[in-house]
């Protein structure tokens, strides 16, 4: 199969932030995203029950420049204030039109 | 009813026993686990049921007596967090953020503890009626809501005011605001207002639109507006099975508490002692405040329970937003693993006993 | 009972108020959220309860009267989508796919609206009995299902036929098939039959095996076969608490509707008007059809409600498969955010009022 | 009541019909699916309800009669897995691990089958009372728990011992231990004890702390300790709607069974025959054991049902830990897709019929 | 640790398709897969509630040739008809026998 | 954005093992992890319902040496006994201090 390369950005953060963050990701130029319910531990302690809050894992496939602006946005607005982890990978995709 | 009997009655209720069973289950490392969403579903049921019943009761009672208990409730909601804060800072050596967050929890209220207080009073009433029937004071087969039965409860001070859920709602909010204000004044750091999420206005909106406040106030109004006709339609779901559902909820609460017990070491002995003594102090304050406000004995007892209870739905959510530097380990462990079980197991009969002394019944 | 009273009774029911509260909660950006699976669980409960009760009622009633209402129901299920389609195409300028999908929704039915219609009639009956007792027409303490009470309901046309849930089931399917056939004829594109998933046979199977149809028909049969003996065994779970559970369900429906309100702008004013006027037209057609078919006034009213209601369980699932080019934004917003609240809040008492005029009661 | 009537009564109950509907739904490839966690929530409800009721019944009955039925239960729990193991090895040619795992399942018990047996007896009682009223033997309107009604049940051997849930709990554990011991002796492989997870001690702890045992024993104690007073508080939630909730549970069980039916081919005809004949053999053994132990006819019948039922909550969990080399396909398919439906549909009335013969009633 | 390289194929699509798609993936030669419940937005609008449908995220680790046939299958049978996104990455795994 | 490279280790295994495995991962030096509920099929058959058990998917971002010790630990303690799959990738992250 003929594939193209794109960036996959994965953000793990507090679940209450999902509506806001997904709106911002789309505003930054992503054409879609996928979200799921996760739990975890990190600097901010455990987030794995109703009581402590839970996390959301958002993944979005975007062209490199948009990936960079998403990372910059997260670094600026989320990392200093909320339990957040973000990482980026390169992935091979079909149908480049879906993501640009 | 004397103190031992009440203690006995409370301890042997299925609700309290279910809670203890939940704690034991985690101790023996059982694989018993509630589905992730069942806890939320039970919470919604509980808040809706409490709100609806309160609204209905409100709709059939006189509001003229409401303002004094209302004021007493606000006063408790302001004073308890201030006192708690200074105790935690001075004696407990907690930093500003943690002291404020814990104080917010103890000034606010726990709807489950309230629900258990209601269930406890319902059981007291049933016992009183049974005793009266045995003593021949009322006819056998008297219905639980017959006038003769109501007179029995009345004589023993077991009828609480219909507006108690309104007081629950009222006491939920001020403590959290007070604690946040204290934290800001103390830290002289207005950065909070500048940062993401967290201006006072936002916190207030968050609190009022927060799910527990919204469901309680919302269904209080629904219950009030739809009155007896509405209540009759939904009582078979929200009233009759209430104590049974509460039993399931307390089983789950026991599981959560049991898991938290491991954190007791982390929080240190001071917080353990605080988590037991502070509720007693608050309960006594609440009972006297209730008497001053001209409430019935049962009403004052429930007000004492509200004062004694520590929040674990509204306050944690608010503290995450407004006091992000406070550690959840402290406030969750204190309210969930210490004060909640203490109130449920020892507190309810104790406060009832204190109230009978204060009211001389 | 006059129109204002009925309106009042409906608006002040805990169910309708819970729905409104849910909408308000999303407007004030509350964090109140139902657990992901609670909605599905409540839907299953609702469909099973409606099916069982319908089956039991069917088992104790005469079937000879069934064929005419059955035919009337099928006629409504065929005509309403055709009329809707042409209105949407001609006046609304929707494309073939969207017009057909929306038409499928309006020709099909909503089980929740039906449930609320049943709850509404139960409340009307209680009111009628209360009024009769107050007027001294029947003895105080008359049970709700005593012959004297039934006579009161009868006199006021409040007894609907036992087979109403069968009509609900019957009306669920044809509209969706009709709308798909129209779309195919109009588009002259048989590619649909060739593509993945979507031959007429598949769509029909999908519809009949679809969860709402399967639960309704299935439990209708279960209720019929197990009769009064079976019904008595399960009524404390599926009947007594029904209106209480419906209250929770409508709270959740309110939350969903509230979130959809933002899409109102996207769908444009035409669909908003359609979503309000079309149900009224359908309801009137349903009531007349019911009268023609010799039904009781309450039965005709409920048939009107069925005609007026727009599907949001079976139809969306079918349209995703059979009309993938239609946009969910249109059909979900119209049925959920416009027609559903309209029917629940204004429609029920309005259709009841129209029926009293038509029947001259 | 004769065999045909009982068969009829059982088959036409909403519970059994719901199970059949669930199986049909998977066969017609319906999209009906229970939310992931609803099954777990229903299981918890069921176990708590059975435990509580058993504990309450125990608290109002004489314990002196308990030791003989208790011994009989343990004997059944030891013998059934041994017999099963040898049949599976010799006739079925299963390997050590699979034979032991299947034997563990058939020696242990199914709480749902037990719940259905209780529901079946409740229905028998209601029928007996109705018949007695029609025959004029007792006055019309006699309450289901009035002394006259109890005498009717007594005369027809329909009152089972209050401690039946204790027997359910007792029979849950030994078979699993016996099967594991057999597997180890046979395989002469002590590596199991050395490997990760799986020493006998661990398995025993796992079993006793396992959720089904813990909830059953735990709430048996809760019910016993809180007595009639406690029971009255929670009965509207855990008793009155029991058969309704069981209906939902059996619908879900039907869905799961339906999905498993495809595996029937994989497991081969021997296991299908075993899954039908073994329960009958065990049931007969259980009924005779019950008679020997001096139990009532209904008690012996329920003991027979326990013996006949195959575990699918405790045993699969234990086998995953202790017998990881056994294939879940065999033991789950046998217990869920063969024995469970057989017991529910044919077994209950059959065992009741056998018991009436054994007891000569 | 000694690791080997394999392809990880991730498919995000409509949840009703899970039974069919997983059967096909195994038929194409995959030795296993992992599925989870997700929600998201994309070309076909939002899919994040019961009403609109939700998505499933299926990941499968396979040798490169099988990855290619899975991609081709998805491109042929799913991308044109359903809300679907698919991407591929290289991963290091232990125990190559489990995947071949 | 200036990013650094880290290893992402993903473990899919039986859900009962989550408490134990996450404790071990943290003990081996990871600063956090993210867990989610998944189902799947593999060598050990289907694990996609209450009856058969379900799986958990644990992902942790760690420096390479820790990734290696986690892989070694899994290879030693989990792969031989439990339904387990593990894989590793390289990811670009922000804020290297969060992971070391």
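Details
For clarity, chains are labelled A, B, C, D, E and F in written order, and residue numbers in each chain start from 1.
Here, a residue touches a chain if its C-beta (ideal position, glycine included) is under 8 Å from a C-beta of that chain, and two chains touch if they have at least 3 such contacts.
These numbers come from a predicted model, not from an experiment.
Common neighbours of chain D and chain E (chains touching each): C, F. Fitting chain A to chain F on Cα positions gives a rotation angle of 120°, stated in steps of 5.
Where chain E touches chain F, the two copies mostly use different residue numbers: shared numbers make up under half of all numbers in play. The mean-CA centres of chain E and chain F are about 19 angstrom from one another, to the nearest whole unit. Centres computed as Cα averages put chain B at a distance of 40 Å from chain C. Centroid to centroid, with C-alpha atoms defining each point, chain B and chain E lie 48 Å apart.
Multi-chain contact residues of chain C, defined as those touching 2 or more other chains: 31, 36-38, 40, 241. Listed for chain E are residues 36-37, 89, each touching two or more other chains. Chains that are in contact with each other form these pairs: A-B, A-E, A-F, B-C, B-D, C-D, C-E, D-F, E-F. The touching residues of chain F, counted against chain A in their complex, run 1, 3, 6, 8, 22, 26, 31-37, 61, 89-95, 98. Only residues 12, 36-43, 48, 55, 57, 68, 71-72, 74-75, 79, 85-89 of chain F touch chain E when the two sit together in their complex.
Those residues of chain D lying in contact with chain C across their complex are 9, 12-14, 17-18, 21, 24-25, 28-38, 119, 122-123, 126-127, 240-245, 247-248, 251. Residues of chain F touching chain D in their complex: 45, 49-53, 77, 81-82.
Contacts from chain B toward chain C in the complex involve residues 36-38, 40-41, 44-45, 48, 52, 205-206, 208-211, 214-215, 218-219, 221-223, 225-227, 229-238, 241, 317.
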